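Chain naming follows the written order as A, B, C and D, and within any one chain the residues start at number 1.
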């Protein structure tokens, strides 16, 4: 009966559970732990596939010309699901690390030149999230791939990314300029007032020595100058050119607006969505860090299989790869509640229209 | 070149990653979350296969007529690896629960009559651990299997179990009767002295009312009588017959001996091994509990797919299925350090021979 | 200088870190692991205090006569924070279980009659969540408390509960009856049609034997009759009286409405809030289960310190204590997307008003 | 009655639970999330105290002139307990990150100049583990402490460290030179043979181009030269002087011996102990990494409270601080099972004496 579904068939278990082929056994030197090694990596790949699947649907939602609010919610919850997937993927290193370097050595040479770095799907995830190639040092990685995988990577590069979709979505946000109101002007005024106040507090402080005052004023100066790039489009463009920023000026201001005024009903979900992007970014970096540490554990500082340069290389890429770093960095540009400039009534009304769920 | 191993081929990724076939998509009613449902279950099955693989090797070690100490260590570390696998498998419910009951409903009926209860491998794990059929209420489960799966279950029933191997290993332990020394006699004496002291403490307590004394004495009586089964083989046999105990009298005494005298070098690893059995048992029960709660979340108290009776059934089986409950229950029969009877010198010497690693 | 805050003072570390007083050390029988026992329990109590703090703020939000949408969001995120707290509290058992029963035995008797069951704050959490006294078997627990703690419990009983606040909030939902529309009528119609279709599918199935048909029809009957309580207020009241339901009829229908029509913008957050209640409930039950298993590990099936009856008792209470079971059970009453009756235009409009975030 | 212990008193709950003093509330600007901030940090400090307590007992065990085998087991299990503590401490960041940067901003300035970097106990942990001051960039940190804390740090510097105790314990290992046997000679011979074989395999490979051969031979050369430092004490001393190594030559060889011959009964526990050191080291670094990422999340790249230089600084220290890096690096110096030189019979016998647990 065609529609009589059997658990084993539904899950294709005959296929899944017969796909573990330890090399050490094939070559007559059965190493017990190779099975764990294979299983753990297969599970990683299943998680990566699932993450790509969710990511694809999120990008589809966010790149719509108009994103209905409840779809922002859907995108948010799927983003958090990817977060849960990576929570598991990170915890999975604890399992892999029940294998000691010596256990690994018993079959490591049989894998040559295959390597963990050749996970195409992890790289696809990075590309679809929006990690740009210049940022990532991956020459070695791509050379190690076969043609088919390289073609798939190439194809992914022309697909929309989450970074791009989010940037465009932010740029479309209509509240930055309404009537005579200019968000960046109001914000700049508040920033200047804030630093003025900080400066005065230092100068008038009775218990500080001159040297301490000097040091503190310098620190205020450093902090303040960081804000200026936000006010001066040319300076911001320069940062983009020098790759110290990736997110466009307008998108950055929109993200800042959402963060500052997140308590308005209409900005709740967008704010949570931005926060989820930052947290997911961090979770990815955590996966990379654990991966680097695991490689350090397994092969010390030796040159890795797959021709990769091992631990130091991995650590370096870990640190470079916060895709949504510009969102994360906005934490430096927030203002304490009391310093946030009030919005004009017109905007307030538009942001508030969803005040009441119940009657 | 035959030995040029490629990551994708080594892990059979073409096979693994093309084995997800959502029914809802096939039937033209694509439900987004079915992919998660499939992936999560496939990962469960990969973990179960890995756990079976480790379990098999543990049983092979423990059922040797003589188990070298370093192999006890190996068995212990593999047991802890299964524990790590189930730690992940338990955490995995957090991911599955990002799917709401409504998301599930969108494809649930398409799965009929397949059901999570039909995981052959989970049942194999239970059988190989040593869960006996009378204990488990599984009529419905087996009827729902096809012939091939049923045959595999039947075959597993004639294989050695961890429970059986551990029991035989304990029964072989030589220290219970050496020369004139009888462990159970020494232990019984200590127990009687301990309860006598407890009784006296209550009777002589100046601040207790008569009623309180009465209540406390009754409690001591209840606790004490629980010990008697351990001293009287006939009573113990009766408990075995009534299925209130599963582990043989001799194996139970040996386990108790190991727990009481675990600080002797030779008993360190055996003690840790017994403790790992108990902890693994508890982790299995935790998996079952989370599974029960997840089913409750997904289908409420409705009759489940696969004809299973759902939440209440699952809870019931959860509670019945501590395979090493008799080891766990020994916690009730331990004595505080000061009450433990000293060992005769002859045994002490044999247990102590491995005093010094260095120099 | 008054405002020069020092880390140690801010966190009151002199107080916090000098509050561990192992009894075994005081009595000259230092047991290494008692420190772990104390620390772990103190951390539990800190988590419970934090959970009570969040819970209190959630109740304050939900019991407002009108709950602004963005405050539903705040309540939701705080609920999820309590979930995170309990995720940690549950994982904490893994740490406690690095202590073996024998390690515990070395100081257990010194604690008499103190007991883990005497956590006032955990009981306060249960009360503020809305666990009613009749449900919980806690005679023994309250008798073991001193007067001050008992008074605090008593005071908590007159405070608003999350259960009560949620029930009232649901009852206020305005969409169940609008104009001529009656939600329960539309829903009942859909349910009847659905079962009719299921029945016909069985009867007309060419491959089923008569016996199979009979069995399946019976099952449909059982499932269907479960729905009827929802349609007939008198029957529902009877269930409330018999304590098989706790949530009022109107609140139950409102929750069902939210679940069925959750894709409308205005119902997104309420739906997520209900789902978070269910998940938190499950996490609490998980804490209880792990607690029960830990007690089993530590003291076997002996009568516990504090006069509590141990493992079986704990398990029993674990199973009884789903506070939001009625919400969870609604999973049984959901309809597949295609069966959900459409809403009248008037309601759709009111639920849809928040269509577009970006201009 | 003096010995009637009450749960609340035993755990000093009146003290513990009244030690949260949010500054924002004191100053009339109550910020909801400050309570979470305080609680989470207090729990960290409780965990750190517990970890110091365990660490202290481990050092006491390991620095004994003779370490009985069962005490190696105790040290191992306590090391793993610290690992569990840090597993929780790491997961705790997930809870802290339910607070958004904006929530933090609402009270951040009130904490000035207190800072998370001022955890004396975390620094004590690092010192007692054996992190040396030159390695760690902590000028700023110590300057920010008050006199009492600085004195405590200073005192800790003269206490024995885990690193020192482990090094001395390894140096005492007697098997490196027995009769005519010299471990390092046997090992060097095996290494030379191994690389010779690798070189020949490349040269005789029919499918490699000359360029590929050249590249591979170079890589082999790099790998091989890394081994030489191990054979030449002068070169090794040079590495110590340049701080590229910290563990003494003899201790390093002993650790290598243990790893290579870990399957001998007597080396089982020492091997597991070394592996646990490496894993704990990695877990500490993971804590630091998550801390760095959390700081990045909370304050962006702004200069932190407490005058610390924030994210980049934290990342840098994260990478520098593997205390047992030299043990971890030994993974590079292991040999595949077939290449490990056999031991002389005399040593084999001494390592094997504990062959049989059960008579």
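In this text, a contact is a pair of C-beta atoms (placed from the backbone, for glycine too) under 8 Å apart; a residue touches a chain by one contact, two chains touch by 3 or more.
From a predicted model like this one, the values you see are computed outputs, not experimental measurements.
More contacting C-beta pairs link the chains of C-D than the other of the two pairs C-D and A-C.
Farthest chain from chain A (centres taken as the mean of C-alpha atoms): B. With centres taken as mean Cα positions, chain C sits 28 Å from chain B. With centres defined as mean CA coordinates, chain C is found 32 Å away from chain A.
Distance between chain C and chain D, defined via averaged C-alpha coordinates, is recorded as 40 Å. Touching of two or more other chains is recorded for residues 77, 87, 94 of chain A.
The touching residues of chain D, counted against chain A in their complex, run 87, 94, 97, 100-102, 105-106, 108-109, 219, 222-223, 226, 259-260, 262, 275, 278-279, 282, 285-286, 289-290, 293, 296-303, 315, 319, 328-338. On the side of chain A, the complex with chain C involves touching residues 1, 66-70, 72-73, 77, 169, 172-174, 207, 263-266, 268-270, 272, 353-359. The part of chain D that touches chain C in the complex is made up of residues 3-8, 10-13, 15-17, 19-21, 23, 32, 35-36, 38-39, 41-43, 45-47, 49-50, 53-54, 57, 77, 80-81, 84-85, 87-88, 91-92, 94-95, 98, 110-116, 118-121, 146, 149, 306.
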